[in-house]
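The first chain written gets the first letter, and so on, giving A, B, C and D; residue counts start at 1 in each chain.
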Amino acid sequence: MEELTIIGAINKGLRRAMDADPKVLLMGEDIGKLGGVFRATEGLQKDFGENRVIDTPLAESGIVGTAIGLALYGYRPVVEIQFDGFVYPAFDQIVVQVARMRYRTAGVLHLPITIRMPYGGGIGSVEHHGESPEAYFASTPGLRVITCADPSDAYWMIQQAIASDDPVIFLEPKRRYWQKGQVDTNGDMSTAVPMNGAKVLVEGADCTLICYGPTVATALQAASMAAEEGVHLEVINLRSLSPLDLATLNTSVMKTGRAIVVHEASSSGGIGGEVGQCLMQSCFYHLKAPVLRVTGYDTPYPPSRNENRYLPDADRILDAVEKSMSY
Amino acid sequence: MNQLEPLIQLLDNDGSIVENSQYKSSLDDATLLGFYRDMVLVRQLDMQATALQRQGELSLWAPCLGQEAAQIGSGRALKAQDFAFATYREHGIAWCRGVDPVQMLRFWRGTVHQSWDANKHRLYGYQIIIGAHALHATGYAMGAQYAGNVATGQADKDQAVIAYFGDGAMSEGDINEAFIFAAAYQAPVVFFCQNNQWAISEPTKRQSRVPLSHRADGFGMPGVRVDGNDVIACHEVTMAALERARSGQGPTLIEAVTYRMGAHTTSDDPTKYRNSADDELWRTRDPIERLRVYLTGKGVLNETISAEIAGEATSLAERMREGCRQFPTPEPLAMFDHVYAGPDARIEAQRAEMQAILAQEGAN
Amino acid sequence: MEELTIIGAINKGLRRAMDADPKVLLMGEDIGKLGGVFRATEGLQKDFGENRVIDTPLAESGIVGTAIGLALYGYRPVVEIQFDGFVYPAFDQIVVQVARMRYRTAGVLHLPITIRMPYGGGIGSVEHHGESPEAYFASTPGLRVITCADPSDAYWMIQQAIASDDPVIFLEPKRRYWQKGQVDTNGDMSTAVPMNGAKVLVEGADCTLICYGPTVATALQAASMAAEEGVHLEVINLRSLSPLDLATLNTSVMKTGRAIVVHEASSSGGIGGEVGQCLMQSCFYHLKAPVLRVTGYDTPYPPSRNENRYLPDADRILDAVEKSMSY
Amino acid sequence: MNQLEPLIQLLDNDGSIVENSQYKSSLDDATLLGFYRDMVLVRQLDMQATALQRQGELSLWAPCLGQEAAQIGSGRALKAQDFAFATYREHGIAWCRGVDPVQMLRFWRGTVHQSWDANKHRLYGYQIIIGAHALHATGYAMGAQYAGNVATGQADKDQAVIAYFGDGAMSEGDINEAFIFAAAYQAPVVFFCQNNQWAISEPTKRQSRVPLSHRADGFGMPGVRVDGNDVIACHEVTMAALERARSGQGPTLIEAVTYRMGAHTTSDDPTKYRNSADDELWRTRDPIERLRVYLTGKGVLNETISAEIAGEATSLAERMREGCRQFPTPEPLAMFDHVYAGPDARIEAQRAEMQAILAQEGAN
């Protein structure tokens, strides 16, 4: 066991993946000497060289597009998109090419590409540095979309993403990068929790809180506040946004009869609606209240002096719990 | 505009050899005769596919009529170890990469998204999204480099990649980013732009006021402008660029000036936007005709050989007509295959739903 | 009244908008002499000139990006994206710039841009010509997303979109382009049904069918088949995918207690889940069955010989009705 | 690499006038003194903003330290009717467009997404997305053309547009598409690339092996390479390009070779990726210093005037410190304004939710 931050765990996970497989390449803007603007790749170019940790020209479509070519050649590229807000120039290459190559070629070609991306708000920065674009990717067939919320998951899930034969969008909760936790860095990937499964973090009988990435810490906080009031929330870290681990969610909601989805992205068209719809279909007779959502608002991301009002907090979650319990 | 600029030409429109200070034909008569046969057969396959579309057997076809020299000339310059990325119009390249014309039709009939095995033919399938594949080609070329398969000096090992696209594609961000990456990493990739003068209804001048090959310089790579209806020049220029790439000297942009003699696709009606005078002019510059004149003049081509090739063409056409109709209609359940590497719960549920529908239909 | 096809109505609507306001410009690939690959702009360049019907270079980001500049100058650009599958290179300009300009500038700048796009499958074409990307746009704050299903709506909604001070994604159901209907071309835009409202097309007490664009005709067919069996479906044409006209949906579902959303796009992350979630929240005690979805499958769009299996048809809708009624 | 290529220079590093066959200084002493004052004050505002960030008053700042000549030289070439589109680093341009430095800080303090009224200053606000605004600039320039505000010959009417971006931006698809559109329509736009040698940690050679100005030719527009630390040359070159644009002769690409003397932003640590020798070298090429030497030599600048300007700088800094702290923290409810032109049911419901939260907090 080793104490690591999330960003430190990603760095170690990348290193271990590169050690394990010489086909693993890292690509992105400023990932070499600088080690990335968040230092996810710190020290890796020094140790693995410029041919495996590749500083790219400033062109996101170009980065993903050339990663596709490298993957076709037999490499396993790991692409860093510097910030969530800069992924859109690569959108075409991601949703039209990366997502569909296997389907298009009936399995002849496939693209084991991982696209890493810091996402979410709360770091007090300027426009385009606080976005949650996960729904765009989660609604795209052919992509796997996962996100970590603690150093142990960060360490293992990045390795699982790289080992996956499907393309993976790996979302990193940037405002939690410096959150610390124990990681069993001597462990083995095969015994780590699979990346496509949800995890029950806290058991509780009254209502299920479904969260992921940056909102996991918020949900845990809300759960302990509720517990003090005698309300027992079950907290589930979704981890995989596509596919959804509905089996785990169903078990929980069949027990509690209530669910609240918490995410930073806007409500409309977000993961929350999809989860709610799925739960309505699978747990119709068990639901004592509608699935509720505590999310960012249906506006663009606001200026940072207002972001704490925009982001779901424990109070808003507890209000929703109260609302749910009142049905 | 474009056709007035100087072009590299080795065989002129009258079928005579032209001197060029930089490039010379390295081709013997047998090879040239082979090119001639290639071009005739590719034209045949193209016309047959167009006819099959008219008969309702294909949903669409993008003719390469008039672009045979650009495609055969460059396509025959590729070595087995090279890799090609093409658009929807490069049937001549598919031909050079050993794809059976019958197989080519599967995509256009709507039975599959890709007609052939890209690894087997070392040719990526028909790509519809304009420009996107130029980046894939560049990345693939970077891969060759990282893998140590460039500039080894071993003729059978050093690899190059070629990316085909049109004049219209030159405006897409992706193409320009491909130039950036290729130049930055000195990737062994050749960008082969077939300037067929039209992007659907838009003439090349809507995209650029200067010859497209001029774009190369400012990206830090050489640009070459070649007569795209001259199969010899296309071959030599491409050979040189590929060799440059294989030996580690980086990318090249080739602009092959040719003409789209037919419609953009079988859905298009070019009379809406271009006048027949241009069509007429370019009919007199037919890329096959000038090679025919040259080879006939040299006595390499004669009536017997012509008849032989015509016979081959006839049976190719026949094989296409028959083969096309015999493609199995895809199984509805195949729709659920290959979304992910492994099974996915959602998709398996939907597959089961479809199975139930099929079972019900079977029962009715 | 005049009989028009949907594509003919769009053409007439564009013409009328251009006549009414000299600031209206059309931009796109092949929209000039050719009149667009579907002939939506046929004859317009001839009548309005090359400065108002602008053939653009082949670069979608460039088209939308320059349209933004033109809008900032005071024009009202109407952009044609040739096919749904070619919109992604412009995604960054659409979701990051077009959608947010008003918010970013606190109302100082705004972009009255209409982005027209044929969408949906069923025309037997090759890859990228049968897509339904509506959810990407509908989940983007700042955009309005609307779609027509008959010539009268096509005629009026395109004019309303152009007149809107918000940017509008105008989705045209390409396989219905040649569907005919009566249009009151002498009418007045102010009396036409507003573009952001849903329309009840058929009243029925048993179950609500919610559809839009290309699936409206399918839903109507299903409704008449059901009527023969004595089941009365209420058919609602959503028309606006963002914002959703929840008031109209709520009224219907509070009456019927059942709802089925029908669209061609994949299920996961589609409009159906958002509609279902909203209905669960607003009609929880009225719902006799979960909101169900009849949609394209969670795969990329299949080769065209399989598309009729992929697209929702009346039989699949009736199966869902049966399932809903069985709760 | 880049700095070894020939550059247009009118004032050399020692503060002496250089002869150039194509460009000459048209600036009188008073104007030059004005430029000097501009540069000193812009440097002051930049350093003050950096300090405010260090003190926690701003969340971020992107210094323009070292780029004052490129910005003042080009910014002062704009006419009132022109329009500018800039990135996050062009505080000198905002200065030239009459934006109060205090206002500039609002964006960086996180209270608003745009610091000033773009219409009033005819300068679009800070743009973060690399390259995107070059297309907006091109479209705006097309608008000027369609509106008949180009090539009328009326000095106060003809409009030009200028788009600023960096060396890194030259790799983005959007920039290259902007070149395509600008050239295709001969739009009155000047692309002003400040090659400050770095895109965060990446040197310009990661983006291009040839000088960036060379990119222009192949797109069909002139490219000019200018000493970006020479305010006179920057001014003349930009004046000429803008005039070309206004008179209907189309776009120009200007590459101003300068150096980012500071960090990329206040979040950046350049010691991680560049060595101090370069920093030292460029400190000797300070754009303000050479103008100071020149003006002092000519007797235009003296201690009195210097002291006056220093005084202005001091009070500017003071005003910034005070003003910055006085920006009102945005109302939480403002978050719901301006998503759409009119009210939207979803957003109004969410606004009401927030109102309830605020009321509850108020009650507690």
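Everything below uses one rule, namely that a contact is a pair of C-beta atoms (placed from the backbone, for glycine too) under 8 Å apart; a residue touches a chain by one contact, two chains touch by 3 or more.
For clarity, every value in this text was computed on a predicted model and none was experimentally measured.
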Greatest centre-to-centre gap (Cα means) from chain D is with chain B
Duplicate of the A-D contact set - from B-C, A-B or C-D, the pair where over half of the pairs recur:
B-C
I'd like to verify one number: the distance from the centre of chain C to the centre of chain D, where each centre is the average of its C-alpha atoms, in whole angstrom.
41
Approximate Å spacing (C-alpha centroids) for the pair chain B, chain D:
44
Can you give the whole-Å distance between the Cα centres of chain B and chain C?
36
Can you list every residue of chain C that touches 2 or more other chains, as numbers and ranges?
56-57, 59, 61-62, 85, 89, 92, 96, 103-104, 127-128, 141-142, 244, 268, 298-300
What are the residue numbers in chain D that touch two or more other chains?
112-113, 129, 171-174, 177, 180, 184, 206-207, 339, 344, 346
Across the complex, what residues on chain D touch chain C?
112-114, 117-119, 124-125, 129, 132, 134-144, 146-147, 173-174, 177-178, 180-181, 184, 337-341, 344-346
Footprint of chain D on chain A - complex, ascending
29-30, 32-35, 37, 55-59, 61-62, 85-86, 89, 124-128, 267-268, 297-300, 302-307, 309-310, 315-316, 319
Given the complex with chain D, which residues does chain C contribute to the contact?
25, 51, 56-57, 59, 61-62, 64-75, 89, 92-93, 96-97, 102-110, 141-142, 144, 164-166, 243-244, 246-247
Help me check something: in the complex, which residues belonging to chain B touch chain C?
59-60, 88, 107-113, 126, 128-130, 168-169, 171-174, 199-202, 206-207, 267-268, 272-273, 329-330, 332, 334-336, 339, 344, 346-347, 350, 354, 357
Taking the complex as given, what residues does chain A use to touch chain C?
61, 85, 88-89, 91-92, 95-96, 99-100, 103-104, 127-128, 135-136, 138-142, 242, 244, 266, 268-270, 272-274, 276-278, 280-281, 284, 289-293, 298-300, 327
